[in-house]
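Each of the two complexes below includes chain A, the first together with chain B, the second together with chain C.
This part shows the complex of A and B:
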């Protein structure tokens, strides 16, 4: 791409690649893809200023379907790659995306420390409370008694589900929100706000797996837009989460921590890089 | 997350025709998206069923040529466009019969939508146009019912996938 043929404005479709998603018909992730590309367009970004980084899972296939820089990395390591990319290329808008298995099981430790580190990027988890790609095992967000899949132990795992928003808040994330794939426009607004907000922004998007969690089709009747304004007070956000039933959509928390590495001067000169490794 | 319908948004016969056209166009687009998704999922019979439905909706949209102006800014159905199938109302193993069954539900919803307007709109012109459109939708309902009788009814266990777990996926 040369500067003479870069258009000034891009539409959502310009952020979609020509690759046809291999997601099951009806998967919530189609709408999340549309919300992400709409958010990029609404923010006036260009594909060459944007990158999408993921781990492994159905949801993690998303970089292939976007027309931005992308990295389909390894299971659970998307945040490590995304943070490295942002620190090396602070000019890029970095969006890291994946599933609840990728982000909270194998990638759980990266999630905690990415919240603490507060690098300026947006992390989207398409939460369907199951491992879709490997055909229906319970994930950390699965209800403790869910055993509708042959891949789940009888009576369920018996483990308390992980509360991603509460953990993000406790670990120091600077922006926390929940979206729903059944409300693609509302979710696009939340993603755009998350990208604009400095520091580590976490957006949990409830995105039904229609194949292994058929009952999640009913989320369209249970998800609701929260009537409560976002807060910048972490203690107040924590109190709200005490009564959160998992169906409230919107922005919960907008913090004001300074992003990690903000003052780091990045140089592309090999000699400067060499100097960083001198003992 | 649904908003209540706002039937007051339709003020004239031109408004209503424009809305009717948008309904058919959006429905065709949704069926086309589904056809592509089913093609990728290697369920070609159902992909073809959705393509047939999309082509039908294209023909219905073409019934409203220049007559239809700009649709009103606020659509009267809130967030529940009666003619458009929910994107998650499908299953990768579903049969063509299911696709037409889904279409039947939406044609019936569209019929109900125009029937309500035909009796409840406060504009006489809208009531008269809505009654004509309801009649037209009745024809679409009959056509989809006819197609359903021509298609094989799926077996009871149509959704069973014999493939085991895929532990190594993504490696």
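This part shows the complex of A and C:
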């Protein structure tokens, strides 16, 4: 049917499309896109056997900037679409990506249940602690006293920021890591490991919004590679996460839960189903 | 047959239906219950006959009350006449006024005492035996059914149940005469027994569905119940999702992956799914959404029927979003229409809403075996473009259907998008791209040939009864009665609600001078839809009311006679 040549190996650039991103200059998401495509290439994947699924928001624009099968869906539902795709097509590599508002606010319930369900996919959240696409409202991960934007209430929201990694752990995610867009190679390594790890892998990537959170430029000085080895012990991981200052990057937890779903086995013909109703 | 929860009304009625099936009868068994999870009042509404039955009747011949707890709440749903008989236990106390006022003959059957006389005996089995004897229903198939369900597991329960049925049958001799059912004639006819919701599940699988994500909701839960066990047998996947938003979007994801997918819900869940259905529509990723309608708005009356989700199903999506809406019109048709819906969704890469309703979904019928039709969903496959050319996922083809690749296929990678897009799938905000895609998406629906499945059309006459869903059975029976009275009417039950079929409707209405629309909605949503979308030859008369009371043949018949004058 097709005469196109399928190469044996792909470089990171083969996973990029030529659609120009809508992102602002200096946005951390450019580097995350590079980390993702590098991870795909490093894993020896092929674009047509890989899928990137997202919701809505600045970072959720990412599928169109890849050359994989992509789905830019609706706000908050990326994990639902991604899980459906992976369960229907276990042979594909599925990566779900988006932002902190998409994943933790409107999509918060799906995040909890995706962690619980443990479908074998990787979820990347590019966290910039702000709604960028709508120009600067506080997000679930925004500091409670942040009011630098005219869009934030004076004195801040007063709401405790969402702790994605601790919540992921409590909800049952099987792999938890933090990356930083300022370290694209380190982040690519983390993403590759997340994809290899069975079950639901969650990677929070601190990705500055230099437009609405100018101060996040300082992250390049504060983010650091964690000196601690990843643990398999959820209790230990919980203690680390709850005492963590939010700047430690690396793999923090590797669980050993079995992935959700059974192998598809055909045991009946469709016409066999009639018997139950036939007199 | 009615009583408080735990009285065994539904168990007895199901056994009765099993026996009727065995003996060669046809039947329709609807259920009505209070809102309680367990232990509330329940009524099993059974119509039995020797010929196929697709409708409730005007009144019940027999009302059997095992007790009166909460049963007065069903009074409006249990119409009786002076020809009816109410069988009740004197120990259960006074007969509620509504039933006394009906003029029905009231007779006493001491079900509790008779049951007590048998070790392990239960009043519902006494009731079963009494009803059977009264209507001339053979006892042998009843005891056979008891044997099948009880003998192996609980021999003592089997003995006591058989004894109770026989005791009830003997006691019936003192209850006077009741209309007899007649000799069954369908023993050798190929028949099925199935509920509409199970039929919907079966139709989905027949149509090629291999993925379902759903969230429990009354009265659609049985679709999920069926698919959760049937899908894995045929190599499919079932997921109980965390909510309806996840359900529909998981289905869209699975469908993007190449699997025909379905979810099922009721009104509140459909409201939640609407944004996802819009995504399916705009990204041209097929998905089938079953809405087993119940009384709305909001939580409404969750256990009972109404046809008031028509507006949201047809008009609920934001933007200009034409899509498929189909509606089954009998229990058996739940199989066909869902199967057809899957086929259409896949062929046209569109969401398809299947508007079933509680009266179809949760009723169990003994019906003629449904045909196994050839509709199996198939998408227009994609071919990878030549070297150097870009794959156009949303190519502007003549019939509007664009080739759709399956992930894994090299050279056809694309990003499905709810953002307006160009032919290649790249986001765009240009007027010309928007117009092109709007026209393409509409054209694929309007240029498709839906054949004669768009409606069930029966009979000829200068009056047309236009109806849909579970009202169809009553309308059919009314048309037959009117014909016997010399008034000829044509039945048109719409199966394809959207897109409209103006040419076919014009054909069907040729020579028609008067129109009666029959529906179960307070606002008359179906009448408004017909008047708004179709060029009708006459202003239709409207026979509609909200749920939960079903439309009955008698009232439609009466209206037809007055229209025929």
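Everything below uses one rule, namely that the second predicted complex is superposed on the first by the 257 of 279 C-alpha atoms of A that agree within 3 Å, B and C clash if a C-alpha of one lies under 4 Å from a C-alpha of the other, contacts with A are read in each partner's own complex, and residues count from 1 in each chain.
Keep this in mind: contacts are C-beta pairs under 8 Å (C-beta built on N, C-alpha and C of every residue); 3 or more make two chains touch, one makes a residue touch a chain.
Computed from a predicted model, the values in this text were never measured in an experiment.
Enquirer: By the touch definition at the top of the document, which applies to A:9: first (chain B), second (chain C), both, or neither?
Expert: A:9: touches no partner chain.
Enquirer: Once the shared chain is lined up, is A:220 touching chain B (first), chain C (second), both, or neither of them?
Expert: In the superposed model, A:220 contacts chain B only, not chain C.
Enquirer: First (chain B), second (chain C), both or neither: which does A:160 touch?
Expert: Touch status of A:160: no partner.
Enquirer: With both structures fitted on chain A, tell me whether chain B or chain C touches more of chain A's residues.
Expert: For chain A, the partner with the higher number of touched residues is C.
Enquirer: Could you tell me if A:73 is touching chain B, chain C, both of them or neither one (first, second, both, neither)?
Expert: second
Enquirer: Please indicate which partner A:51 is in contact with in the superposed arrangement: first for chain B, second for chain C, both, or neither.
Expert: In the superposition, A:51 contacts chain C only.
Enquirer: Determine, under the contact definition given at the top, whether A:256 touches first (chain B), second (chain C), both, or neither.
Expert: Neither partner.
Enquirer: So in the complex, the part of chain A that touches chain C is made up of which residues?
Expert: These residues of chain A touch chain C: 1-6, 19, 46-49, 51, 53, 61, 63-64, 66-74, 76-77, 80-89, 91-92, 109-110, 112-113, 261-262, 264-274, 277-279.
Enquirer: For the complex, which residues does chain C have touching chain A?
Expert: Its residues touching chain A are 21-22, 190-194, 198, 202, 205-206, 210-211, 213, 230, 232-237, 239, 241-243, 245-259, 261, 275-276, 278-279, 283, 366, 369, 372, 383-387, 407-419, 425-427.
Enquirer: Taking the complex as given, what residues does chain B use to touch chain A?
Expert: 1-2, 33-34, 36-41, 43, 86-92, 94, 163-167, 169-170
Enquirer: Tell me, which parts of chain A touch chain B in their complex?
Expert: Residue positions touching the partner: 20-28, 30-31, 56-57, 60, 75, 133-137, 151, 180, 182-183, 208, 210-211, 214, 217, 220, 223-225, 249.
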